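Structures given as structure tokens follow.
Next come two complexes, and both contain chain A; in the first it sits with chain B, in the second with chain C.
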Partner chain A sequence: MRVTVKLFAFFRDGRFKEEGREYSTGTVVGDIVDELGIGRDEVGVVMINSLQRSLQSPIADGDVVAIFPMIGGG
Partner chain B sequence: MDRLDDFIRQRAAASTIALIDAREAAATFGRTLPEVEEQALLLDIMPLRYRRNGLGCREQLRLLRARVAVIGCGGLGGSVAAQLARIGIGRLRLVDPDCFEEHNLNRQQFATVASLSRPKTETARTVIRSINPAVIVEAIVRPFSEADIEAVDIVLDGLDDAGKRLELAAYCNKLSRPLVHGAVREWHGQTGIATSRNRLMATLYPNVREGSASKPPVNVLAPTVTLIAAIQAAETCKLILGLDSPLKRSWMLCDLLEDVFEHIPA
Partner chain C sequence: MTDKIFRINMTDLTTGIEDVPTAWAGHGGRGLTSTIVAAEVEPTCHPLGPKNKLVFAPGLLSGTLAANSGRLSVGAKSPLTGTIKEANAGGSAAQYLARCGCKALIIEGQPRDDRWYSLTVTPEGVVINAENELIGKGNYEVVETVAARLPGKPGIITIGPAGEMRMAAANISVKDPDGGLRSCGRGGLGAVMGSKKIKFIAIDPRDGKVDIADQAKFRDANRAFAKALVDHPVSKALGQYGTNVLVNIINEAGALPTRNFTSGQFDGHDRISGETMHDTIVARGGKPKHNCHPGCVIQCSQIYNDAAGKKLTSGFEYESIWAMGADCCIDNLDHIAEADHIMDDIGIDSIETPVAFAVAMEAGVLPFGDGPGICRILREDVAKGTALGRIIGGGAGSVGRAFGITRVPTVKNQAIPAYDPRAIKGIGITYATSTQGADHTMGYTIATNILGVGGKVDPLTKEGQVELSRNLQIATAAIDSTGMCLFIAFAALDDQTCLPALIDLINARFGTSLVGDDVVNLGKSILKTERAFNIAAGFTNVDDRLPEFFYTEPLPPHNVVFDFSGEEIDTFWNF
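== the complex of A and B ==
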């Protein structure tokens, strides 16, 4: 299935801003994060089709998945 | 009070009163400078320092009577505190257990070579007094507690640790205090207003546990800190003045590499 993945802030470094990608049925957001080499503990907000979801949320064909980093400095 | 009122009216020029006259009034009538400035505003006379804020005396009076806690007085907290003092927030409670270290010099408002090894909040209080002596500043050198939140109307997030932010948000939720959030990393920052309704902190830090072990400090640039702190200061004033803000309904991600500001529904 085809999914649009959007990355934000420093997650774009060496990766991409937005990309259409192929995934198999049963893929969850955490699998995408792993595939992109992002540490799960680095992830903040995750959205599917503009609604907040979690790393455990399954994705479906045509979904837009947005992955935001956790920003914690002060 | 009548004699103080007469003095203020007599010294007022073009509906403003200068600092030197306000100080003389305080000394003459045994009042504090904040008390004199409050009385002037009640008489529709603006302390000269605030004239260029462009606010009315009633609005300025609301700022003067506000009590704000700045939790964490490093990058974000220091910059926010300086801005709030300039705009005329009457009471600032600065809370931070730390002293300045050399690696703070790249971005922290009150970090100077002379202030290294000195408590951040006490240094901030000294500088703020030189900026605006009419602001009452409490410098607290210890980790924040529930009492710090209870003592104020609005809380500013100047922390650098997600677990501590959740702890702070829990106090704010319990005591129904709005928490003006800010966080930064490299060229990126985020900001928003956390309330007991939107549970913003749980949204932003879904994979963090309250009070969890601190992560190593992240890299932060001064422009990112200044930008996010400026938004936090503006949002604080808007809350005090009763002005609406998109950040009550969304949080904002700021990207200084792309110069993009995105609102994301809270």
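== the complex of A and C ==
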């Protein structure tokens, strides 16, 4: 299935900003993180289709998965 | 050096130094400004009249070597909101005031004629000087001229033309160590300083030092505290991208108020994001990292150069970039940076003013997306005080009233900042119930609603939001009293060593034995003091509401409204 993966802040370094990628059924967000060589403990926030989700959340065809390191401001 | 109260009466142009009353001894920063305003200012007075008082207070730890302790609090009754107000900023002034032995500087009264003055603060007290040369000048010229006029490197607190003209969005600026400006931005306190006819305050601590009761304990606590700050991953991202790292995540969450709060996502988000800003700064030879006061270990400030490599602005913050960017639909960072610089020079709040511009855009005064138009109106109207400039300088509510617009994002007449309360409901509770009008910094639920700091509370449901906002507003009131930058809260929420180290610092400074509950109780009592002032000024629970359109206009992409009843909001105050 086809999923759009978006990366932010220093997760983009040496990777990409946004990419359409193929995954098999049953993939969870944590699998994407592993595949990209990002440490799971580095991940601060995960969103699927603009909703807060976790590394254990399954993905579906057409999803937009956004992966952020721990960031803050205000 | 013993802490004293420095008092200035601008009606008879006298100054004095007083002992600190026992009831004020445990206070600093916001706790002290609010305690003094509540004790000495008639709640029903006109904010720009002689009965209002302008109070400056360094935090409890300002002037020491404690990391990130350089925030200066300013308090008064606000001409924008009519409530009690505290605004705080970095820069050198808090540390220098503390080293002068000044626990609070209280400015009262008002000159009977139109003459302007400046103040010079040293450990010996305050001197009032006549000022002619700098009247009508922008903040940058004030800072440069005063730095050249006085010996050493004085701390400088200044107002621009907006403050002189008593615009309700006027801010008070504080010089940073490099000649940049930090702003006590919100609530129009620059207009109060202008009403007292004070153009600037210069501070020279000479060889003054802050007393520390237990030096060894202080040093150990500071080491643990600074380590907790540096180790927290949020500090790393703040140093690299600044607060503007938030544009993309708030946009992704569908909560980036766009086109005067009609959408939660902005097509041009990536062009104004922290990531783009970082790359632009590096490519142009600017500084991605910069500290707004000595001792900051996070360094979220930065120096942003123009395409020719010349400094355009510094301290370029997410909320300012959001307001001119998404809210006014400007996707050109250079236009936003230029407007930011002009606003700093005029001395006007870079949240209130661009939100006012977005309302003016809806009214047809200028088109959405017109960055050069904003810069032109700032220079030709706001800075010069034309009728249009004064309407915009009166804030978002002022523009809405002048042009008959109903979609005006304010609470208690103060503009709502960069997080839409329909898609991040916790922050809506903070906007509604804050003692100071809409202000994200009063209880930053974004940490937990969006960023996963201090746990997680789903931003789109009502559950847990009132409690989250309450706990954060109480903690914030306490942190704002210490002189600490609020960004220590990210570490404090996640790292068990951070808050105890902060309490150890306070105890080592004053020889006290405070515990965690004392800090919570301090926060609660500050909020209650502030609310009592507002109630006496005529505010009721019905003022603790969001504007009507948040309840009736669904916000894309989630198509959600703010759906808390008045009764539910009012439970905030059950403590």
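The working rule: the second predicted complex is superposed on the first by the 70 of 74 C-alpha atoms of A that agree within 3 Å, B and C clash if a C-alpha of one lies under 4 Å from a C-alpha of the other, contacts with A are read in each partner's own complex, and residues count from 1 in each chain.
To be clear about the criterion, a residue touches a chain if its C-beta (ideal position, glycine included) is under 8 Å from a C-beta of that chain, and two chains touch if they have at least 3 such contacts.
Keep in mind that what you see is a predicted model, and the values were worked out from it rather than measured.
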Worksheet item: Regarding the shared-chain residue A:Ser50, is it in contact with chain B (first), chain C (second), both, or neither?
Response: both
Discussion item. After the superposition on A, what does A:Arg40 contact: first (chain B), second (chain C), both or neither?
Written reply: first
Discussion item. Quick check for you: in the superposed arrangement, does A:Ile71 touch first (chain B), second (chain C), both or neither?
Written reply: both
Worksheet item: Should A:Lys6 be classified as contacting the first partner (chain B), the second (chain C), both, or neither?
Response: second
Worksheet item: Touch check for A:Ala60: first (chain B), second (chain C), both, or neither?
Response: neither
Worksheet entry | Common interface positions of chain A, toward chain B and toward chain C | 8-10, 44-45, 47, 50, 52, 68-74
Item to complete: Report the residues of chain B in contact with chain A in the complex, numbered from low to high.
Response: 72, 74-77, 157-162, 165, 182-190, 203-208, 215, 217-220, 253, 255, 262, 264-265
Discussion item. With touch defined as at the start, can you tell me which chain C residues reach chain A in the complex?
Written reply: 232-234, 237-238, 240-246, 248-249, 252-254, 270, 274-275, 300, 318-319, 440-441, 444, 446-447, 450-453, 456, 458-460, 486-487, 490, 557-558
Discussion item. For the complex, give me every residue of chain A touching chain B.
Written reply: 8-10, 40-41, 43-47, 50, 52, 54-55, 68-74
Worksheet item: Residues of chain A touching chain C in their complex?
Response: 6, 8-10, 12, 17, 42, 44-45, 47, 50-52, 66, 68-74
